[in-house]
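Paired with chain B in one complex and with chain C in the other, chain A is shared by the two complexes that follow.
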Partner chain A sequence: MEIKAEQLGYTYMAGGPMEKVALHDVNLEIKSGSFVGIIGHTGSGKSTLIQHFNGLMKPTGGRLLIDGKDITSKEVSLRELRFKVGMVFQYPEHQLFDETVYDDIAFGPKNMKLEESEIRQRVQDAAKAAQVDEAWMDKSPFELSGGQKRRVAIAGVLAMRPEVLVLDEPAAGLDPKGRDEILQMVEELHRQRHMTVILVSHSMEDIAKLATQIIVMNEGTVAMQGTVSEVFSRGDELQRMGLDVPQITLFVQRLIQKGYPLSKDIFTVEQAQKEILALFQKEQGVKPC
Partner chain B sequence: MIEIQDVTYRYDENQIDLALNHVSLDIREGEFTVILGHNGSGKSTIAKHLNAILLPSGGKVLVDGMDTMEEERLYELRQKVGMVFQNPDNQIVATIVEEDAAFGPENLGVPPQEIRERVDFALKAVGMYEKRNEAPHNLSGGQKQRIAIAGIIAMMPRYLVLDEPTAMLDPKGRREVMKTLRYLNKEHGMTIVLITHYMEEAAQADRVVVMDHGQVIIDDAPSMTFANVALLKSVGLDVPQVTDLMFRLRQSGVYLRHDLLTIDECEQELEKRLREIKEG
Partner chain C sequence: MLTDITLGQYLPGETVIHKLDPRTKILLTIAYIMALFFVNTIAGFALCAVFMGCILKISGIPLKFIIKSIKPLWIFVIFTAIINIFMTDGKIVFQIWVIKATWEGIYLAVIMSLRLIFLVMGTSILTYTTSPIVLTDGIEHLLGPFRKIKVPAHEIAMMMTIAIRFIPTIIEETDKLMKAQSARGADFESGNLMARAKAMVPILVPLFVSAFRRADELALAMECRCYHGGDQRTKMKQLHMQGRDTGAFFIAAVSITLLIGIRYLPGLI
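Presenting the complex of A and B:
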């Protein structure tokens, strides 16, 4: 499924005294099967933007096209769109409400009016993908820990078998281990099920590790759009927008400026380790400790 | 000084594991302490003991000599120890930014003129003075969190305890909050206890306390704490990326110092080594 925004704009409380332009002149394209990271400072319009992707918000200007069709046109069923574009909001565990974990995950497919056996199948499948333990199924979701609840909430979205998965800060508030687990799960969904993933994050490190494309939002519009390497090579501009490049990238860029022959496209510690070790080897072999 | 003396805590009578397992820790005045640990390590439980949101199951907590169990002095205690939480939406009470910051001092019966001064100071300290007449619900999460901090600062607590205040902020928001905390600590001598997952924030503290399974496993200066990369990783924590890089290079046989935290320090060290090797 392809998502395209053309001069999209959104104004809150348009015409009123509290009018506020949240988005203006947004042009972007998200190809089917891609993994896109969206970064931007708080208030840059990221959350407003992603809520357009499944029709929760409708543009007050311009258009949002799903597979070439305007979401406000009669051709597009918003109901179906919401099943196709799964949205995981910030702190999704706050949205759990049902008596058991099973019922909570089954809520979406039930709404889709599927057969009981199909629902069961989907719940099991989604639970597995989101690493929800079989033993929790009959428990109340409120008995689980924060990280566990979050996985249940994500399973609830996956059970609708969306083509596109949008996640707004899925790792917020988790510790490094919990964060790695959630992100690894997202990575697997993308790799194994070929889902299109749109990940909103404040962590440049996480985006660098996972995404292939980055959209940078600033002051309500798209400031940059490109590959990870294209975007992170513009560190100064990013910093002026209140963003960053991963620390490791910054570190390598500094060494490059000093004349060391390293690749510009280093975004993870593993890559840096490999390149710098090669540098040491070239400069006369590694000395043992 | 806040003295945590052999404190144990159990959330549930039937639970075998202690959330806090005989913890002793002194928070000295003027210090900037960071508490690290994975979820469930006990770090938030410790924080909640500092102003009597939780009371110890065993042992005691003394704030300037005052036992947190003394119910009749609770008001006094909460005035001394201000607390900021993760989610700003749960902490904002007013419909106008400056009214929200004034809520605390008003409740304390501070004279109007002084409230004005405190509110202005607090909003400037968190960089939200220009937004003082706006409605909090129109602001972003990061801006709201800074207002929540301003609301506590306006009560002029002696100790400021923050439980993952930057978890929802962007890099700029995080930098601003950290700058604000360092400013309050250095210029106003405010004692700060920061609970966080961000290692770059811990690197800026005077002291780092690492919790695991309800116990303190490290209590040291940041450079010494992060030298222990293997231990930190084993308890589910991160180290700054450059520190991790140095650790990995050392493991691969490159001789490098192990107590380096900042990008500048690591750059210098790496260049030094490369030069030495080149010159034989």
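Presenting the complex of A and C:
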């Protein structure tokens, strides 16, 4: 499923005294099966942008094309679009409402009017993917802990079997373990099920580790777009936008300044480890332990 | 979708009307409402319209905001008008079967509709020119004397302040939840009444849960700062009556006397 924005714009309360331009001239393309990270500081229009992807918001200017079709045209059923583009909002655990975890996960598939057996199948499948314990199924979602609730909420979106998964800060407010689990889950969904994933995050490290493409939003429009190394090689510009490059990249840059012959394209701790150890080996003939 | 609701409709300003003591404004609004019930002639309402016009002019509130505040009223106005037209005895204008419209009825309907409209106009000027916080402060002061008979004036005012403060938060939260559930295919717009009521469950349950959570957090935060109501509590911003308040009382007294006078005057002459 391909998402393409052409000169997309969105203005809140257009024409009124409180008019506010949230997005303008947004041009982007998200290919099927890619993993795209969206970064940008608070108020740069990230959340407004992603809500266009499943038609929760409709552009006030320009077009948004899904598989070549304009989402405002009559050919596109918004309901069906929402089943195809799964949206996990910030703090998704706040949307849980049903009596049992099972029923809550089944809310989406039920709205799709599927057969009972199909719903059961999908719920179990989604629960497994989101690491929701079988034992929680008959509990009330309100009995679970914060991290557990979040996984149930994500399972609720996965149960619709979307082709594209959009996640807005899925790891916000979780402890390091919960964070790793959620991000690992997202990675597996991308790798094993070939889902297109769009991840909004404030953590440059997470984006560097997971994404293949990055879109940088600034003041309501796309400031940069490209591969991880293309975007993170423009550190100065990012800093001017209130963003940054991953910590490890800064660290490696300092080493390069001190005269160590390291690659500039290092964005994760794992890459750095490999390169630095290789350097040790070469220079001193020391075997890495 | 929910941002169109105008609640807590305060319009900040620097006019005399804005600066009046909230107690003055509340008392005068009450007096105005009572006076409205004495007005029963078109001439009386014309005078009323002149007063209202002057206050609007001074306070600088655009007429369109006043019209917006009257808009939701039209169902009431039509309903009372119809009841009045057809239920009053008198000279018959036309008759359909047993239903008959009378001249007296039409006159009464006009009076009642005008009364309703002016009532809402007056009270909306109060809320347009007074911030909710100042308003509750005024109410607290006015309820002060009733503390002798164990009316928890301060607590009532605090509850109102908190309730008003949370309206925008809850609207925002509702909007977020509607989006999140629509993203899972929830449908709020089609189906019969039962289906639509049922569709609200996925919104209302999390909304209540979060309202309770917020209330709990707020209570804790207030306790942490040793909040307690009652007698020893002092205020940072004291309310003081000033010259303009005396002036307002004087003008209001004259206007209200005129309004009531117009009812009895023709009989006296």
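The rule we apply is simple: the second predicted complex is superposed on the first by the 283 of 289 C-alpha atoms of A that agree within 3 Å, B and C clash if a C-alpha of one lies under 4 Å from a C-alpha of the other, contacts with A are read in each partner's own complex, and residues count from 1 in each chain.
The rule is simple: a residue touches a chain if its C-beta (ideal position, glycine included) is under 8 Å from a C-beta of that chain, and two chains touch if they have at least 3 such contacts.
Small disclaimer: the values here were computed from a predicted structure and weren't measured.
Residue contacts after overlaying the shared chain place A:280 against chain B, while chain C stays out of touching range. In the superposition on chain A, A:86 contacts chain C only, with no contact to chain B. Ranking chain B and chain C by residues of chain A touched puts B first. When the two structures are aligned on the shared chain, A:37 is found in touch with neither chain B nor chain C. Of the two partner chains, neither chain B nor chain C is touched by A:220. In the superposed pair of complexes, A:9 makes contact with neither chain B nor chain C. Applying the stated contact rule after C-alpha superposition, one finds that A:112 touches chain C and leaves chain B untouched. Shared-chain residue A:56: touches chain C; no touch with chain B. Once the two complexes are overlaid on the shared chain, A:97 sits against chain C while remaining clear of chain B.
Overlap of the chain B and chain C interfaces on chain A: none, as no residue is touched by both. By the touch rule above, chain B contacts chain A in their complex via residues 37-40, 86-87, 135, 138-143, 164, 167-174, 197, 200, 236-238, 240-242, 244-245, 248-250, 252-255, 263, 266-267, 270-271, 273-274, 277-278, 280.
Residue ranges on chain C touching chain A, taken from their complex, read 3, 176-177, 179-187, 201-203, 205-206, 209-210.
Within the complex, the chain A residues that touch chain C are 12-13, 51, 54, 56, 79, 82-83, 86-87, 89, 92, 94-98, 107-108, 111-112, 142, 156-157, 160. In the complex of the two chains, the chain A residues touching chain B come out as 18, 20, 40-43, 90-91, 145-147, 169, 172-178, 202, 204-205, 242-244, 246-248, 250-251, 254-255, 258, 260, 269, 272-273, 276-277, 279-280, 283-284, 286-289.
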